[in-house]
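One chain, chain A, appears in both complexes that follow, with chain B as partner in the first and chain C in the second.
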Partner chain A sequence: METTTAMHIANGIVDGPVSAVFAVLAAAALAFCVKKARADLDDRLAPMAGLVAAFIFAVQMLNFQVLPGVSGHLLGGTLAVVLVGPWVGALCVSTVLIIQCLLFADGGLTALGLNITNMALLGTAAGYLLVAGLLRIMPKTPGGLGATALIASVVSVTVASQGFVLQYALGGTTDLPLPAVAGTMAGVHVLIGIGEGLIAATTVATVARVRPDLVYAMRRFRKPATAEIGVPA
Partner chain B sequence: MKHKLGWFLGAGLLVALILAGVVSNFASASPDGLDATARDGCTFGADDEITGGTCMLQQEKDHQMADSPLADYGIKGIDNPYLSTGLAGAAGVLIVFGVGGGAFWLLRRRSAADA
Partner chain C sequence: MGAGHAHPLHLQRDSPVHRIAPEVKIAATVLFTIVVVLTPRTEFLAFAGYALLLAIVAALARVPGGWLARRATIELPFVLLAIALPFAGHGPRTDWLGLSLSVDGLHGAWNIFAKGTLGVLASLLLAASTTMRDLILGLDRLRCPQAFTQIATFMLRYLDVLADDARRMRIARLSRGYDPRFLWQVKAFAVGVGALFLRAYERGERVYLAMLARGYTGRLPAPEAPRPPVRQWLAAGALPAASAGIALVTVLS
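Now for the complex of A and B:
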């Protein structure tokens, strides 16, 4: 049984200079995320973020079939932003990508900045913007949160795939027609996004049901102030 | 702290360990969306070697960490593929939780008492 183990951009697909530019961009963005994340991270969110990262690592191993001969796996951006917020969420996905690269030889070291930019930054940013927007109109229930995560995942994964298309346009080492690459990537990643969306929806709806207090995206919809003052439940 | 976090963390970790340690063995072995795109345009022989055409995969370079004991989601030296993948996945979950959780713990905002 031959298993496919490459899940992220490998070395050599995008040239060195473009990879280096994205490495610098990703490092700067992550430094900014660390700065912003500190305001969110407390004694409860920190271990929760560790769990979210570990969960994303696990689910990324679960490739599901989307077309004959083509599979996909969750990227995790939407799931992360719903549970731990945008800044910590981006750091969760980055943690997974860095460990996958350094220990599991998945996603080239040279390509790490490209992978972080697409999945941890673009994917989470798109996911968060959609979640924040949709939650204004969606019912604030586990089901509403799940539906939100499903829609946001499809968009988030597709946006992340187009990040690769941009990088390939700037520094692709092969001469392939860009519209075809963009079309193939978008088409297959819409399908992967639906799969990711179903997983993310199930996960966030479950957490919202058993521990609604641990869902970052629902914080601002909870009864004002009482939680902070500490009225006995 | 009104609700204990411990039970939730334990249950969550257990689910992640089962997914990475057991369910991962039943994952699709087909190339993923990106990999399939990278193979687009080439033809492949019986041993999955490129036999013609133009595709991104032709320019792919080896991974710097290819000799890692956990490379390609397997544990070097364990021949049983299920055991190898499962243990590598479980190890990955614990490493990500330890490294990630540890880093987030160090970054966290301290309460006024120990600031």
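Now for the complex of A and C:
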């Protein structure tokens, strides 16, 4: 059950001042992302960003059983950074969180800063750093990209879950033993990360195989000749 | 797309609440929730007052209580965590029906339950009375950066595309005698997920190119709506104002 909490923190789990600090932090970071994303958000990336957001939204509804009584869902940060890059990726995940919060009452409104910090900022940042680093040594093939996405997903989900532990330590409204919270969160989220990683890996590998022009993370490694060829599915 | 602008939580009604401009409603919801979260957790009367305020709004919006209650179950996972708190918490303990409960944990559980429920109900009322399109329009008028509203607009359009394609693929699997249970459903999903993504992208890409050809510039043409009249701000502002009043009275007394 703590899993669901980490995915979406409700109102009142972390106290007001800490929520406010993280809300300011998240707003500042997102403003920076908006600035950086403006250069990225071209004709090709705009619909892709929308689809990535819709996809994340959809797969977040798909809960998979991790342990008896514990179900988790994907965060989608790694998928987003591979396909649309870190800045637009963070915006995609935040958009999903904001819409879920306003329209689907999922996750507390004042906990939005906390949720965005964990899932949209921490998760995507960890995912992107790993993807960027790993792609230097991994083979630049669909398979290599899939493996990269798998590893990055596991780490990014676990990092995001530890963001909740940090916030709980700073402003938890109740006094739970912290090592136990941290341990449970990390353990459960490694499993969720593997599930997320498998889905992210198949998705990006398929996209890289059929429409390599759509993969943001591979732009740096693409040879100019193949860049213009979009093979229809 | 014609019917695609509603969402599962929208409740088509003609009520004063539905007619208020979306940006006004968003602002009122945010302010109300902030007041709720800032209220000290032992001010039990204040929470009763907030619930009463929401009940008045629900009645004005002609949203039935049963509808709200059913949709509020989205909160259940959070409440489950809250139930564990009185047993797991530290500090002074109290005995109740032979159970030893932590006082801090009890207050914590109440805190999560009360604030979470009020927040969910407020969001549900906003969702019930606002279409997705209006919500994005409202965010746009509240000076939300265009990168966000653009992503959100596409996201909401692609959601239908994704859901339809996923349903087609599922029906195709079922009609070929595929009937998995439990974890094995994940396998079919994972194998098909890349195909689903590409199919949806290519559908969406066509829609996007058609939009560009018709003069789309990154912002949906909004009908030039006049700025919401001051009385709308006053009417919607009554909710956060009344809740702030309740908070002040209970804290001071």
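Here is the rule we go by: the second predicted complex is superposed on the first by the 216 of 233 C-alpha atoms of A that agree within 3 Å, B and C clash if a C-alpha of one lies under 4 Å from a C-alpha of the other, contacts with A are read in each partner's own complex, and residues count from 1 in each chain.
Assume contacts are C-beta pairs under 8 Å (C-beta built on N, C-alpha and C of every residue); 3 or more make two chains touch, one makes a residue touch a chain.
It should be emphasised that the depicted structure is a prediction, and the values quoted were computed from it without experimental measurement.
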Evaluate whether chain B and chain C can sit on chain A together after superposition, giving fit or clash. clash
Taking the superposition as given, does A:Thr95 touch the first partner, chain B, the second, chain C, both, or neither? both
Spot which of chain B and chain C makes contact with more residues of chain A, would you? B
Report for A:Gly16: first if it touches chain B alone, second if chain C alone, otherwise both or neither. second
One more residue to check, A:Ile199. First (chain B), second (chain C), both or neither? second
Which superposed partner A:Pro47 touches (first chain B, second chain C, both, neither): both
Look at A:Arg219 in the shared chain and tell me whether it touches chain B only, chain C only, both, or neither; answer first, second, both or neither. neither
Which partner chains sit in contact with A:Val34 here, chain B, chain C, both or neither? Use first/second/both/neither. both
Examine A:Phe57 and indicate which partner it touches, taking first as chain B and second as chain C; both and neither are also allowed. both
Determine where on chain A the residues touched by chain B overlap those touched by chain C, and list them. 1-2, 4-5, 10-13, 34, 37-38, 41, 43, 46-51, 53-55, 57-59, 62, 64-65, 88, 91-92, 95-96, 99, 101-106, 108-110, 173-176, 210-211, 214, 233
Provide the residue numbers of chain B that touch chain A in the complex, in ascending order. 1-3, 5, 8-9, 12-13, 15-17, 19-20, 23-24, 27-38, 40-41, 48, 54-56, 58-66, 68, 70-74, 81, 85, 88-89, 92-105, 107-109, 111
Residues of chain C that touch chain A when the two form their complex: 7, 9, 26, 29-30, 33-34, 36-38, 41, 71-72, 74-75, 77-78, 80-81, 84-85, 88-91, 104-105, 107-109, 111-112, 114-116, 118-120, 122-124, 126-127, 130, 132, 135, 145, 147-148, 150-159, 161-163, 166, 182-183, 186, 189-191, 193-195, 197-202, 204-205, 207-208, 212, 218
Residue set of chain A touching chain B in the complex reads 1-13, 34, 37-39, 41-51, 53-59, 61-66, 69-73, 88, 91-92, 95-96, 99-106, 108-110, 161, 164, 168, 172-176, 180-181, 184-185, 188-189, 191-192, 210-211, 213-214, 230, 233
Which residues, counting only chain A, touch chain C once they are in their complex? 1-2, 4-5, 10-13, 16, 19, 31, 34, 37-38, 41, 43, 46-51, 53-55, 57-59, 62, 64-65, 88, 91-92, 94-96, 98-99, 101-106, 108-110, 173-177, 195, 198-199, 202-207, 210-211, 214, 233
